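Next, two complexes with chain A in common: one pairs it with chain B, the other with chain C.
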Partner chain A sequence: MIATLLSLLLRAVVVLAGTAVLTFALLWNAPGDPAQAIAMARFDALLTEDVIDQVREEVGLNANFWGAFVDWVGPLLVLDFGNSAVTGRPVWPDLWVSITYTFPLALAGLAIGLVISLPLAILATQHPGRLLDRFAVAIASLGTAIPAFWLGLLLILLFAVQLDWLPAMGARTPAHAILPALTLGLGVAASLTRIIRSGILEARGQQFLPALSRRGVSPKAIGRDHVAPHAAVPVVTVVGLELAFLLEGLVVVEVIFGRPGLGTFLTSAILDRDFPHVQAVVVLTALVFVSVNLIVDVIYRQIDPRIGERDA
Partner chain B sequence: MRSVAVLGGAIFLFVLVGPFLAPHDPTAINIPERLSPPGEEFLLGTDALGRDILSRLLHGARWSLGLAFLVSLIGLIIGTVIGLVAALGGKLADWAVMRTTDTFLAFPEIVAAVVIAGLMGAGTWNLIFALSVTGWMRYARVARGIGLSLQSRGYVIQAKLAGLSPWYIARWHYLPSLLPSLTVVWTGMFARAILGISTLGFLGFGVQPPMPEWGTMLLDARIHMRSTPFQMIWPGLAVVTSVLAINLAGDALRDALADEGNHS
Partner chain C sequence: MTLRVSGLSAMRSGRTILHPTSLTIEPRARIGLVGTSGSGKSTLGHALIDDLRAQGHSVAHVPQSPDEALDPLRSMAFHWREAEWALGLQPGSADQKTLFTALKIAGGDLRKRPWGWSRGMQQRFVIAMALIGSPDLIVLDEPTSALDPVVAAATMDLLDRHLEGRATAMMLITHDLGLAARRVSTLMVMQEGRIVEQAPTAEILERPKTRASKSLTAHRNWMALPC
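Now for the complex of A and B:
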């Protein structure tokens, strides 16, 4: 077990190192003169070559690739994200403020997704193929086909413009979070419903279930002790995918609803060519993503010990 | 297989013929007619610059569906080659390739595409690059997985003993077995590419105005949401319909393949 843990951990570290190189290569090769872009964003005036060169020196864009990479990755190892290339202020406090907006929204979206999908999938699989089941499948297929930004716009159109029940733009009151959370949650619900449903159906098809019921085990106990763990395997597998879905949705949702948060932070950093801001979000995303997948891998092996054996 | 063929044909036809059905020039600005409601002259109304929305939708298929097709095909080719290299290239190659794949999977695809396309500058080529670079990993995993399982098959072992080159084995012994599964993955990635292109277009990092890509159209439409909400309906509906159709075809194909597997 410890050996497996170590090898998984090593794998995660290798992947993180790879992401660092990739991120830096991207920033390094981004076209245009970043120094000029930064200088323009910072001074917003006619620029002389001197000023641009000064900025270049200051931001450390002068070295060769690997030299610059080492300079760049050193502080990141201790999670020091440096200063914004535009405002000159430290990245971390601003980033933290964004996280405080994004994290609750992500949790709310996930909660809405679970509250809808779990009962829907369980009820639908009571009678596979019947009306409710078909309805659940249809809604889930539709839900996964709707781009998050369009769903968000439609919700704004209905609840903010036509009915005038809820605010659409900004994040001043908790009511402002309802539509964004709903946009995220409905998307999550659609994909989770599909996955949980097929997980349950597959677990139901296992041959040992009739044997159990003939031995007199109650349907309730079968559901809890035998169907649920089997259905959990595919569900746990997609937690990583769900997280990706959530992060992608967050970027879009924050932009549509004009909420401060990681998504808005990232998009405005890209437009300003504020490289320290961009890299902070990218590194943070990779860190969260790799850690979650590492945890998923471990849990996965706990639920289904066969997986570890198959890998080896 | 038939459902995918029919769907592929329909999309191909639509992308090819659609623009010729357009009643107006999709980029012709016509200020006096701006934001007109749906009517006889403009079946779906006009946008803020007086451009015919129906014509833009029909032309937009070239961008939204055509680019998605291209991007998913590039991903298919890159991913298959990479996956086969991992399966055929020995332990070290396998390890290196799989860790590289994991690395590319360490970012949510669309977020990565936004960062890449955004930093490289908005434009169609950069969009294609960004979505291809972030879209090959699933193919690689599937190709590698099946490739590894083929290694112990008799005909593969015999081909190796006969001294055939790895390229020959990959082409004639691996690829035919890979294609059905890769096609299923491809339908999913095609649908994702449509969503990706429209999302990037909507965020302003994708196809640039005045080109009538569906996501870019929604970005325009959003500004006039209060006065002319109908503008926002059509491009979104076009995206949803395409994605839904492709996903359903993919599901049908997967079920058909599963059935085939059960019979043999």
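Now for the complex of A and C:
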């Protein structure tokens, strides 16, 4: 088990190192003059070449690629994301504020998705092919097809504009999080319902189940002890990925609902060419992806150790 | 206790795959259910088990392959506890040691999942589970087809020895007449969902009456098989 964990950790480190190099290279080679964009963001006026050169020197854009990379990645190893190229303030405090808005919203979205999809999929699979099952599949397909930005606008129109039940924009009170969390959660519920449903149906088709019934094992025990673990393997994988992809969906949702968070942090950083901010978000997202994958790997190796055997 | 069922039948996709069938099975009986593939042997076996269980009899089932009996995600110990629980026994009350010794799997690590054991050991474990609580009937559906001939013969010997002196009846479902000839005293020959002939094993082997049994006994090389 320890050897497996070490190998998974090593894999995670390789992925993170690759992400760091790629992110840095992409931004380094981005079209346009980043020094000019940063100077524009800082001074908000037409600028002279001298000022732009000064900014270039100050934020290290004069250095060669590897020199600049090492200057950036070295402090990163101790979670020092550097200073903003625009404001000059340390990145971490601002990033942390964004995280405190975004991560709870992502978790709330995932929780809503699970609360809807799990009972719906279990109910649907009671009688596969019947009305309820078809209804669940249709709703799930529809939910997957609706983009988050459109669903978000529909929810604002209904609950904020027409009914005036919930606030539409901002993040002042917990009520402000309901519509964004619903937007995310409904999307998650749609894709999870399909995965959980097919996971359960596939698990119910396992060839050893009839023998268990003939052995006298109760249907309840078969469902709990045999169908659920088999259905859990694909579900655990997808729940993990959903959590990671939620961060991506949040960019859109935060912009629609005018909420502070990683999404708005990232979009303004891109517009200002604030490299340290962009790099921090990308590294953080990669860290979340890799950590979630690591946890998923460990969990489904616990459920089905054959996965580990095959990898070995 | 004599086991009786009547009017067993089964349909699939609107087609009758088991015509109404009645059976009487005496304690200690050794019955072979033979026939070509698709003749309805396993269907009759399943219908028989379901009917007898509904009557309150204790019936054990050993499927063709251990893959059809064991969950690859659950340990052998879990399967054992579950089998005891299903029979209403307290965990640990079945005479596991005697059964495992008789079936020569006492060295198996019960913490492992099925795939941590050899296929031969898995199948003998399934047979051991089937023998928990001394059932009224044990139905073995092609129990040795997943095993190599030597392990198959040894497993059947071990089972025979274990059942000696017990009231448990045995039904052996097989298309392998060589296996049936050595292990059972009565043969039932199935064809197209019906039992078309039933007689002592020696009689069917020497003087088959129906086309199905004549066809089964036509190939005399079954005597050379190790089972």
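We adopt the following convention: the second predicted complex is superposed on the first by the 310 of 312 C-alpha atoms of A that agree within 3 Å, B and C clash if a C-alpha of one lies under 4 Å from a C-alpha of the other, contacts with A are read in each partner's own complex, and residues count from 1 in each chain.
By our rule, a residue touches a chain if its C-beta (ideal position, glycine included) is under 8 Å from a C-beta of that chain, and two chains touch if they have at least 3 such contacts.
Here the structure is a predicted model, which is why all the values come from computation and not from measurement.
On the shared subunit chain A, the superposed partners chain B and chain C are arranged side by side without overlap. After overlaying the two complexes on the shared chain, residue contacts for A:229 are found with chain C alone; chain B is out of touch.
In the superposition on chain A, A:304 contacts chain C only, with no contact to chain B. After overlaying the two complexes on the shared chain, residue contacts for A:244 are found with chain B alone; chain C is out of touch. In the overlay built on the shared chain, the residue A:176 is in contact with neither chain B nor chain C. When the two complexes are overlaid on their common chain A, residue A:211 makes contact with chain C while staying clear of chain B.
Between chain B and chain C, more residues of chain A are touched by B.
In the superposition on chain A, A:157 makes contact with chain B only, while chain C stays out of contact range. Taking all C-alpha atoms of chain B against all those of chain C in the superposed arrangement, the shortest distance found is 18 Å.
Note for the complex: chain B touches chain A at residues 99-100, 102-104, 106-111, 114-116, 118-121, 191, 195, 198-199, 202-203, 205, 215, 218, 222, 225-226, 229, 232, 236, 239-240, 243-244, 247-248.
The touching residues of chain A, when paired with chain C in their complex, are 206-208, 210-212, 214-218, 221, 225-226, 229-230, 303-306. Against chain B, the residues of chain A that register as touching in their complex are 11, 14-16, 18-19, 22, 26-27, 30-32, 141-142, 144-150, 153-154, 156-157, 161-162, 243-245, 247-248, 251-252, 255-256, 266-267, 270-271, 273, 278, 282, 285-286, 289-290.
Interface of chain C with chain A (complex): residues 46, 49-50, 53, 59-61, 63, 67-74, 78, 82-83, 85-87, 113, 115, 129.
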